[in-house]
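Two complexes follow with subunit A in common, the first pairing it with subunit B and the second with subunit C.
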Partner chain A sequence: MEKKMKLKENRTSSIVLHNLLIAVLAFIWLIPIVWLLCTSFSAYSGMNTSTFFPKEWSVAQYVKLFHPDTVAQFPQWFLNTFVIACFTCVISTMFVLMVAYATSVMRFPMRKPLMNMAVILNLFPGMLAMIAVYFTLKSFNLTNSYVGLIMVYSASSGLGYLIAKGFFDTVPRALCEAARIDGCSEARIFWQVILPMSRPIVVYTVISSFLGPWMDFVYAKMILNAGISSKYTVAIGLYKMLDKSLINSYFTQFCAGGVLVSIPISVLFVIMQRFYVEGITGGAVKG
Partner chain B sequence: MKLKKVLAPVLAAAMAVSMISGMCVSAESETISLTMWGAEEDQALLGELVEEFKAAYPDQTFDIQIGVESESTAKDTVLTDVEAAADVYSFASDQLYDLVKAGALANLEEVGAALQVAGRTLDDVKSANVEASVEAASVDGNLYAFPRAGDNGYFLYYDSSVLSEEDVASWDSLLAAADAAGKKVGMTLASGWYNASFFYGAGFNTGLNEDGTTTIDWNGTSESGYTGVQVVQAMLGIAGNPAFMAIADGDISNQLASGALCACVSGTWDAITAQEQFGDGYAATKLPTFTIGEDQVQQGSVAGYKFIGVNGYSKNVGWAVVLADFITNEASQQKFFDQRESGPTNNSIIASDAVAENIAIAALAEQSAYSKVQMVGGKYWDPSQTLGELIAQGGLKADDEAGIQAALDTLVEGVTAPVE
Partner chain C sequence: MAKKESGNVILAAVRGFFGAIGGFFSSFGTAVAKGDFATKLSLLWLGAGYARRRQYVKAVIMTVLEAAVIWFTFGFALNYVPKFGTLGTVEPEVVFNIETMQNEYNDFDNSFQILLFSLFSFVVWFAAVIVWMKNVMNAYELQKKAERGEHINTFREDLHSYIEEKFHITLLTLPVLGIVVFTFIPILLLIFVAFTNYDQNHMPPSTLFTWTGLSNFLSLFGGGGLTVTFGYAFVRVLGWTLVWAFFATFTTYIGGILLSVLLNSRKTRLPKLWRTLFIVTIAVPQFVSLLLVRNFFSNGGIVNTICANIGLTGFLRNIGLVSTSYIPFLSAPGWAHVMIILINIWIGVPYQMLIATGVLMNLPTDQLESARVDGARPFQVFKSITMPYLLFVTGPALVTDFVKNINNFNVIYLLTESVYTTTNQAMANSQAKEVDLLVTWLFRLTQDYYNYKMASAIGIIVFVICAVFTLIAFNSMIKGDREGTYQ
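Moving on to the complex of A and B:
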């Protein structure tokens, strides 16, 4: 009896310890985010690291952010980035899913070697090709244009097909064969049979291909190099606010911008999340 | 049917893409298109000046775009792709040599004839601006840029309600008075731009060779007869004082705003913050003297200018030269001073009363007697920053002369290393 009690006590205390550890880790991870949020509501425009919470609270910097001046044209940057991200999202989602479908469902010569090559190519960091990409774009007069940027973001996205392919592999082959017997073309199988059953991976692909351009700094900085403020993306614009001559008057606006940037991502996730919940093949194949 | 539904947005997207790309291509043959880069904070004023420039030449149609590029990073951005860089751009004087070497600046002696459109000559430009600034904008006697501002230097801000004019004359009295008031004096030591001030003050030098390497004599004895070890000992004495606060590069304004400082070494970019913080006590003056043995040695400083240069690869060099000259002429510099509190290089504006009454710019002018243009190559910055950090963090001991000498030898070795 006593032993049982002891065991139970041990169990409870280990649960408490585990949870405590998790709570402490969560607290540590959340500090920067809480700090960003708090600082963005500061009434002081510059950087003040002497206190964690701002001395005076205000939404003034958010208001300022939406009243552009020559330095901070946040609404314009937001729109620019949003347009770029949306186009990239559509194009690269298509690429990824189509490549994944082809490699998963269709059978053609050189399938295996092509797949291997794609994976190996994708292992190289994209930054390696940066200079080559820049001069190629420049010779086509595509630097300082959003088209160039969208092309860079979405062109090689098909190489990241592996996860989606893994998902398509789990869709019962019987379904595709049934559709084919009924006279479906590959396109129809893709659009009307496979895709509706693969919502989670579509959601995952959409979100990840939206996030890439939304948060990219390196390529945007390289390609949009004319320095025209109204053409910036959010990442470049916010970065420019941290210049030593500007940081005093724009640091809090920078934080506010950082908070606002997270909104479209959250919205996208909330919209897409409900598709995650739905079952994978939702009872398409019966017993 | 459903396929059509999916295709429609894709086609719409494709159309929109081609529309955007279509819009990117524009440029008429008659209009002169120029791009100009200037600092973020100057954008509004540059816009105004460009409008005036267009109005000054009504017969010519211009398409002038103004981009953002801060003076301190201009070199890196321009040299990334000189052809894609702006036709006219603003940069800090220490970048001149590298820009000229890369062909990113047009030799104004060759293309300066274009100024006759404005009824001026290059000699007018040279005589209108402070001699030192013209010298700093020249390589081998050829002028490569138009001087625009001479405020890229540092001096001492102080709170005159805490410190008297006698207090700020020397570091010893300054720190003693600050300690008595329970406040601190801030300076950035971990930067070769700031900590060179002690060495320059004691008569040491740096120099730049043709091949981009740096010469430096800080581990020996200076013209004035002081040794590098003595200078470091003096710096350690200052850094070790409880009233001294070593501040990371770029963090001065933050520390000013926190209210802990009663004085700090900084430049005109912190004028507004200092003014807000010190209120009625806001004052500025030349840097104090520091003690080596029995002597009081005036702390030197680095003088920097802001230049406007013309891209050597510009397709409209002539008009670019005229525009660069317009942005830097007397009327424009006056506007920069009025609106941006930017220290002018134009002789007649410097002589005006308004400049003398501006506390920060007057202090800068006072310090300029002890300042010099810092001639160093790219290898200078890291070792000198390390030395500053060692001093700021007490990594060296004042009585350990051999240790200090070793640190200085390491510095010299690192700075004079060949450029790969």
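Moving on to the complex of A and C:
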């Protein structure tokens, strides 16, 4: 009896220790995020270097964010990024789903060679083609234009088809056969049979291609390099706020902007993760 | 043994590739040899075969296409391709035009346009030759059909086939075109620029640049007398790139697995809450979180204040690790290298945790159950079942991660740009820093110093390094083609 009690005590203490360890880790992981939140509510516009928490709390910096000056034009940046993200989202979702469907459901002679080439191209990061893309866009006068940026984000998106293909692979072929016998064309099978069944992966693709431009820094930095504040995306705008000459008057606004842009992105990101898991596990059950 | 097998697979792939090309040419040959007059005529007039079989719309389309290629060749390509060998010889000059009584520019050459448009013309011509050969084969097919007295499709039926048995062509055309224009042609262009002297002293349109052979690579490897420093900087940067990629890959990989095992343990209370807390760090865009952390650890930043207050700075100065009044977390070699890897753990472990969690959910539970019944301790289960399974599933991805980390631009650039200044004169001469990766160096060379020739040469080196690791990954993926092992 006594031994059992002791065992149980042992178990409880090990559970407490276990959860305490996780709590400590989570605490470390969240320190910078908490600092971001707190600093954004500071009354002082520069960087507070003496205390962790701001000395005076206020929402003044959030208010300032919506009253743009020549440097900080947050609403304009937000709008720019939103427009770019919408176009990119439509084009790359189409490309990804089209390539995934063609390689998963259709059978044609070039299928294997194309997929092998995609594997090789996929393993070379897009970073390398970037400077050459920049040369090319420059000679067509497409730098500092949203058209160029949208093209860069979405043109090669077909290469990221593997996750969606993995999902389409699990959709039972008998369904397609049945539709074909009923006289359905291949295009209608795609639109009216497969796509409605693939909601998780469609949502996942839509969100991930919408998030691309919001999360990106490099391409925007390279292509929007003329230094006109009203044309920036959020990423470039916030980056410019931390220039050595500006950081002392804009650091808190940077934090406020960072919080504002992070909230919708985080929400979308978490939703995307859920659909991803649903797509993977749902697929496994069906297959 | 396994190596031999994978070698055979690659060999088979190569053989298959050349076999397919051979097949293409031989069926083209048959079509030309056995074709009737219309088929042979379609060698010259692309629409001939179709016109003979009364497919008039197709005949018109092919004729227009042929005219377009001819117009493209004479109206556009021939302005540039003949100058491809020299990349232009006519410097821009201002001359006085007697007719308009004004100073005007002469008809000068633009080296970059010559290079780009020649390349573009080559790609178009290559595609045109394929279409030309394919077209003759199609004409021969039609001829055979007509001889057998089979039904020949009307244009409407042909169009309909693009949503039926040829639907994949409809689906793939645009995405593939996008990849060719925005990934394939740029890489070709990059390769060509590496063999020219395109830099700030040779900037079209005001000046020309030309072919210089291997001289960029020579100076990169320390050969060319003028730029010995480029060779020095290259070795330093390459070394750090590989060290960084190694540590960044393994720390986050191991950390991610440990964290996911910790969170998925049955002892964990509220696992969903904890997981969400960790995900928050990666859901915040990197340009926010990394720029923030950079200021968190800056020379006059909050962490330095705290360290000074608790006496850590003084202690480090006493033992000689720090010579300044602050701790140079991100502004001195050594310190910055370690900090970058630590901060990368912060940002990378939750990602790996997500991936490992997904894999762990599919862990075959019967093995775990039987191990438990046999009285295995939790650590033994982890060591003998969980870990081998994880390694089996995610092993090939490790190599891919390594390649990705070689090109991990964001972390390095956002953490160190305009914070870290090098004190090493030899590095500064070639615009490099101790904390640069090859890609950030390349980015700075193009964006701030217009040194396109060296940037392209570095790009090719990165390409080769990635290709080597890619081949390893490819091989081990083929080797790991034992999907049955865990089913």
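Heads up, the rule we're going with is that the second predicted complex is superposed on the first by the 250 of 287 C-alpha atoms of A that agree within 3 Å, B and C clash if a C-alpha of one lies under 4 Å from a C-alpha of the other, contacts with A are read in each partner's own complex, and residues count from 1 in each chain.
As a convention for this text, a residue touches a chain if its C-beta (ideal position, glycine included) is under 8 Å from a C-beta of that chain, and two chains touch if they have at least 3 such contacts.
Treat the numbers as computed from the prediction; the structure is a model and nothing was measured.
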Three-chain arrangement built on subunit A, subunit B and subunit C clash or fit: clash
Partner chain(s) touched by A:V152 [first = subunit B, second = subunit C, both, neither]: second
Residue contacts with subunit A in the superposition, subunit B compared against subunit C: C
Partner chain in contact with A:M47 - subunit B first, subunit C second, else both or neither: both
First, second, both or neither for A:V90, with subunit B first and subunit C second: first
First (subunit B), second (subunit C), both or neither touched by A:I181: neither
Subunit B versus subunit C as contact partner of A:W29, first or second or both or neither: second
First, second, both or neither for A:I228, with subunit B first and subunit C second: first
Which of subunit B and subunit C A:Y134 touches, first, second, both or neither: both
Footprint overlap on subunit A, comparing subunit B with subunit C: 47-50, 134, 187-188, 222, 225, 243-244, 247
Touch list for subunit A against partner subunit C, complex: 14-15, 18-19, 21-22, 25-26, 29-30, 32-33, 35-36, 47-52, 95, 98-99, 101-102, 106, 108, 111, 113-114, 116, 119-121, 123-136, 139, 151-152, 154-159, 185-188, 190, 214-215, 217-218, 222, 225, 235, 238-239, 242-244, 247, 251, 254-255, 258, 261-262, 265-266, 269-270, 273, 277, 280-281, 284
Residues of subunit B that touch subunit A when the two form their complex: 2-3, 6, 9-10, 13, 16-17, 20-21, 24-25, 35, 37, 39-41, 43-44, 47, 65-70, 72, 77, 80-81, 84, 86, 250, 253-254, 257-258, 260, 269-270, 272-273
Touching residues on subunit C, where the partner in the complex is subunit A: 13, 17, 20, 112-113, 116, 160, 163-165, 167-168, 170-172, 174-176, 178-179, 181-187, 189-190, 193, 259, 262-263, 265, 267-269, 274, 276-289, 291-293, 295-296, 298, 300-302, 304-306, 346, 350, 354, 358, 361-362, 400, 403-404, 407, 409-410, 413-414, 418, 439, 442-443, 446-447, 452, 455-456, 459, 462-463, 466-467, 470, 473-474
Interface residues, subunit A side, partner subunit B - complex: 44, 46-50, 69-71, 87, 90-91, 94, 134, 138, 141-147, 150, 187-188, 191-192, 222, 225-229, 240, 243-248
